[in-house]
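Below are two complexes that have subunit A in common, paired first with subunit B and then with subunit C.
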Partner chain A sequence: MIEWGLMGSTLMEMLQWPGIVYLLSGSIIGMIFGAIPGLSGTTAIVVLIPLTFGMPPTTAMLWLAAAYGAGTYGGAIPAILINTPGEPPNAATVIDGYPMAKKGKAGVALGAAATASTLGGFIGLFITLAMIPIINRFLMAFSYQEFFMMAMLGLCIIAVVSGGTLLKGLVAGGLGMMLSFVGFDPINSVLRFTFGIQYLWDGIPVVPALFGLLAIGEAIVLLSRGHAIAAEHTAPPSRRQVLTGIRQTVAQWFLILRSSALGTFIGAVPGVGGTVAGFLAYMQAKNTCRNNQSFGKGDIRGVIASEAANDAKEGGALLPTLAFGIPGSSGMAVLLGALTLHGLDVGQDIFVMHLDIVYMLIMAGLGCHVVAAIIGLSLADKVAILTRIRPTLVGPVIFIVCIVGSYALHNQMGDVFVCIIFGLLGYEMRKYRYPRIALILGLLLGNMAETSLRQALMMGSAWKFVTRPISLSMLVLIVLLLLIPTIKYFRKKA
Partner chain B sequence: MKREELVFNLFLLAVLVLMLVVNFQYRPRARRIPMMTGLCTLGLLVAVNARTIKNRTRDEFEKQSKSHADDLDAPPQGSNAIYAKKEAVIILWLIGLTALMYLIGFLIAIPLYLFLFLYVFAKETWKVSLGMSVGVFAVIYVIFVKILNVHVHEGLLF
Partner chain C sequence: MKKLLSAAIIGFFLFQGALLWVPANVKAADFPSKNLEWYVGYSPGGGFDTYSRALAKYMQKYLPKGINIIIINRPGAASQEAATTIYNAEPDGHTFGIWPMPGLYTPQMFFSPKYDVKKVSWFGTVLVEPMVVAVSAKSPYRTLKDLQQAENVRVTLTGFSGPEVVVPITMEILGIKAQFITGHKGSGEAMLAAVRGDGDLVIYTYGSIRKLLKSKQLLPVLLMGDKTRNPEFPDMPTATEAGYAELDDTVAVYRSIGGPPNLPSDRLAYLRDLLWKTMNDDEFKAWAEKAKRDISPMNGEETEKALAKVLNQYDKYRPVLEKYIK
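Up next, the complex of A and B:
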């Protein structure tokens, strides 16, 4: 049951002094962290946790949840402007966001991202609120077979949607998976593919690889071609562009609804990760929207779908975190730590004894989206000017930010080398039309796929992959995804 | 372009074959899934190579590049011969930045590199070069060193 009275008083507490100050400052800090490549909403909570020790738990949770929630929108800004997702879950936004910036529509893309993020965040949290009473049954339906199929589905989707040929997409995904096997074997702890390098024991870090593949490669192209991100003949960013972005996003309300529902569902599955949510939402948008030829070439619907799902997934991720203490994302894991630090036990205890905390986390999530949208929309046209600056000024700054951002993750020079090596690889991949996003997703999902496949085989027969309904549905979807483009290709040839 | 693409494909093939060969050293359970993944990817990569050799003429490649000019993964536009030298120089600058950071540390390397890059490579005026290097250095120093307490690499030489 939802306690409306308690929810109302929590809302009032957030909107009164000093709650409103924490909401505003948390949202601004989160946005800034999200917008700086290498940092994220999660980093923002880590930095803020020590400052919350003396605070009452509700205020502390308000501040932390606001910072975390706003970080997701912040990550869309560099994804659109400089082809560098602020956080890995913003990677799907790059597919259409950056081509929009290249066409001189950065303002439209930023306006759309802010609006879709806000609406997605709202829908995700409302679904979460409604699902609190029935959460157990939903989460228990997912087992190793479903996790494996989810990873495979994510990979196939990206191979199909992200430019290049299907064959090259699958090669890039396969290479990404092979690279994800570097380091300790997740089940037997055998060291694999480390070639005697101790740094590789923990595997190839995803974030520096992502910076390298997307941003460094792009900066090399910008510098060599000598023209700014936005094409010369395009209109300069303006308030009108941002308003167009808002208008076009609101008009796509059904797409937002679908993507947000999908995002919430994926977010609620522990261990799947937010990156999959963005890509799955992008795929459903591409497959269900009319006139979908422009997807991947700067279609606003691509930005809307991925951003709505991205923010909605945080609402979903809150469910397993609070209900079972199983974080749905890395940010939720840190938030779980913060709850424990403040003496709050998750599970039944938090829903019975501290329901005010649950409501505060949801209210802060809603509030921070409003703040982020207001700030984001009012500054979008100014920020979009970045796409018109001479590449000789932007290029070296991208190099430096990516390198320092990579280093800051673990204070290791090895991360810098990974960033540079993947930068060169990303540049070559772009040259020969290998989808870079497929390699990233392979790197992200390879471990999960291997672990769940091996666990599923250890626990029983392989038949379970086809006898469990969710697993079977995903398998059918994978087969269809791979077959349809192949049949189309051969028909065209014939 | 076709030959360069083949060289890149062969490089990927070599990396994959190396990983598959090394994979034989591991216990059967640890090597099973990398083996399956590697063999599938190898098969696909061979098919990509075969297609590159067999079907694609230079004209076809150019046509395909133009039709996908707005994609995220669109190949950079313009003749490769013209840009190849410039790209090589930029990559050298990038490697130089990494070496500089490794040797003299982030705090000296960042402003020094930015100034040199802007003044020597980009031919900006010394005022713009100096202003940019000081500005970027200040932002990075405040965010990463002061606020986030990142212990930046101090360099091998210091």
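Up next, the complex of A and C:
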């Protein structure tokens, strides 16, 4: 099934002049794009595509895939340092990454994120290689019922894991879902809750809302509290911290393996979105690890699970993109555009006619993770200094980055207002201990939940939710998730 | 110093005077006096964006030095925001863009957007894409007749905005009793749903449906908007052959380029000519060949006529659309 000879020559092409230059430059560009909130690996490809016009397709794909792959790691840096995921899929990293930074362990968290990303990316691509023959059957197994359950599962998980009480988590998630109903109704294209404002037709955009809720909210807290992100009397970030992060991550190899497998499978289902991958992996980490009381308060295993799954999912997302031309993520949609631009036809053809391109995409995915890890690890202790700078310096910078980032998304002033309004909301939510990430996830998944529920019902019997095995098992999981904390609570009382 | 100043002033007026002597026809060629802004209603990377960027790139060599074409992506409300921006721009020929037609017409039939596609100044069309009726390999249907006799054919699509608004009209003309399952994110997901067997039928542009036809996961039934059979699928009948010639005048996706209404006629002529030259440029054609992007250039006058015909059909089927939109 796998042509090792061709794979070897693809690897050589990547490591030789000029391939290596493209690998390095692509990875560095991707990392920078990923680390700046508002930009992402996807934006990096968009910017680079016009420059690849004259290149041979393999080189072009090497460059683009390297930039994209490195971007997913870059997104973890602001998630850990300033509580703002560079892209929504890094959101689960925030839960434990930022508390680690607060405890003065930003170096450890960054080390762990880089290592977990790299290993996750590797495992994801290997699973992808193994899945090529069965992708068809895999895709057929997920229908509207499963999409709905997946969205519900994502929401319940976040309500349970995001700290605070279950009830407050559900309230925040529900509010997020309600906000997701603004704009065109996905089934009948009727306008809802737009109050005559054309800007709201497409709904409330997730990314500016995310910047506002997490970063602006946090910046207000920083400024009002008056001391740096890392608590006082904590050790300054050092190379040793980063090494500790690597060591502790490698020691959790089984957790990485599980999280990566989960990430790859979810990534391979088009339409689910990578954000669920990070949260599902986080949930399974919290439920399967021993001594799980420290999750949410700065547990390194939270960062590891989320980051491993996040990078593994891109391997999975590659499959439906190449096999059917149906992108598994937004980045893959752009990559698909680049493939067609270079005259490469996705579908069964590419596995027969252009296997070298498939291997190059995979090799570049592997290569960029190595480059990103080396750069990331060697700079981790330097960027972690950010957590020790006075808030009067950091706060305004966070404001500017978020507002400029929001505007840069679509050059729309409306996005800036969304960012600011959600910033105030985020501050209040934090004050009253409502989990902000639950709101984000509601906003993100509300649409998917609504659409797939209504589609499933249009198809006829609602019984299918419980007669389809994957759907049923997810339903059982949801019920357990919600019941267990409740039972525990009453037991304690009794 | 004073001398220099007075010399400069005299020089300036002399220069202005000299300008008065420039013949009028040279002045008309002054037209692109600043950068041209080309709006795209979708994010970078999509089909409309790719065509726009390629056209802009090769158009550059027909423009005076120092004049650039700036591609501006203004995604939102299925290209309606870009349409509104173009339509209400200063009609001096410096602002225009690519229009997905007739997708932008339906909002106008039922809502009141701040544009009117019937008044747009059309420069030309880069591609008229035919559309294909295809059935899922998992469905019990194989031919048009099967579909017409069926009680309930499930059609998967994203919604009734954009090019898919033509789906209910097609079902009406063909006399197929359809149940529409909307809400899919993008044509890819809608087609995948049909491949899974959650839907029986899809209607999409030939370009986007081709891969799944080749892998035989979707099976071709009817080609619309192209009067000759497709060489890759010679067994697929055209609408005219099947006795539905009307469909050929109704169903197709136009990627047309146009600017605000009431453009000065010399500027409109200039821009039409500019686009026509670019679309027939050898380098542009070579790009299209390499990028596997179909092109079927159509000039401004033809675009105007063809679109008028299509929009007429839409007006005729207004009662059908009314059921699904609003």
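Going forward, the second predicted complex is superposed on the first by the 494 of 494 C-alpha atoms of A that agree within 3 Å, B and C clash if a C-alpha of one lies under 4 Å from a C-alpha of the other, contacts with A are read in each partner's own complex, and residues count from 1 in each chain.
Just so we're on the same page, contacts are C-beta pairs under 8 Å (C-beta built on N, C-alpha and C of every residue); 3 or more make two chains touch, one makes a residue touch a chain.
Note that the coordinates shown come from a computational prediction; the quantities given were computed from them, not determined experimentally.
Student: Would you mind checking whether subunit B and subunit C clash or fit side by side on subunit A after the superposition?
Tutor: With subunit A as the common anchor, subunit B and subunit C both fit in the superposed model.
Student: Should A:Ile49 be classified as contacting the first partner (subunit B), the second (subunit C), both, or neither?
Tutor: A:Ile49 contacts subunit C only, not subunit B.
Student: In the overlaid three-chain picture, which partner chain does A:Gln198 touch, first (subunit B) or second (subunit C), both, or neither?
Tutor: In the superposition, A:Gln198 touches subunit C alone.
Student: Counting residues of subunit A in contact, which comes out ahead: subunit B or subunit C?
Tutor: After superposition, B is the partner touching more of subunit A.
Student: Of the two partner chains, subunit B (first) and subunit C (second), which one does A:Ile398 touch, if any: first, second, both, or neither?
Tutor: neither
Student: Tell me which partner A:Ala373 touches in the superposition: subunit B (first), subunit C (second), both or neither.
Tutor: neither
Student: Going by the contact rule set out at the top, does A:Arg454 touch subunit B (first), subunit C (second), both, or neither?
Tutor: A:Arg454: touches subunit B and subunit C.
Student: Per the contact definition in the header, classify A:Leu280: touching subunit B only (first), subunit C only (second), both, or neither.
Tutor: It touches nothing on subunit B or subunit C.
Student: With subunit A as the corner point, what is the angle to subunit B and subunit C based on their C-alpha centres after superposing, as a multiple of 10 degrees?
Tutor: Placing subunit A at the corner, the angle measures out to 90 degrees.
Student: Could you say whether A:Asn188 touches subunit B, subunit C, both of them, or neither, answering first, second, both or neither?
Tutor: In the superposition, A:Asn188 touches subunit B and subunit C alike.
Student: If you take every C-alpha pair with one atom in subunit B and one in subunit C, what is the shortest distance in Å after superposing?
Tutor: The answer is 9 Å, the least C-alpha separation in the overlay.
Student: Can you list the residues of subunit A that meet both subunit B and subunit C?
Tutor: Residues 187-188, 190, 411, 454 of subunit A touch both subunit B and subunit C.
Student: Can you check the complex and tell me which residues of subunit A touch subunit C?
Tutor: Within the complex, subunit A touches subunit C at residues 45-46, 49-50, 139-140, 143-144, 184, 186-190, 198, 201-202, 270-271, 320, 324-327, 333-334, 337-338, 340-343, 345-349, 410-412, 451-452, 454-455, 458-459.
Student: Applying the document's contact rule, which stretches of subunit A touch subunit B when the two form their complex?
Tutor: Residues 36, 39, 43, 47, 83, 94-96, 98-99, 102-103, 162-165, 167-168, 170-171, 174-175, 177-178, 181, 185, 187-188, 190, 192-193, 195, 216, 220-221, 223-225, 296-298, 390, 392-393, 395-397, 399-401, 403-404, 407-408, 411, 413, 416-417, 420, 423-424, 427-437, 446, 449-450, 453-454 of subunit A touch subunit B in their complex.
Student: So in the complex, the part of subunit C that touches subunit A is made up of which residues?
Tutor: Where subunit C meets subunit A, its residues are 44-46, 50, 53, 72-77, 80-81, 154, 159-161, 179, 181-185, 188-189, 191-193, 195-198, 211-212, 214-215, 290-293, 324-326.
Student: So in the complex, the part of subunit B that touches subunit A is made up of which residues?
Tutor: 4-5, 8-9, 12, 15-16, 19, 22-23, 26-27, 29-31, 33-34, 37-38, 40-41, 44-45, 47-48, 51, 64-65, 68, 70-78, 83, 86-87, 90-91, 93-95, 97-98, 101-102, 106, 110, 113-114, 117-118, 121-122, 124, 128, 132, 136, 140, 143-144, 147-148, 150-153
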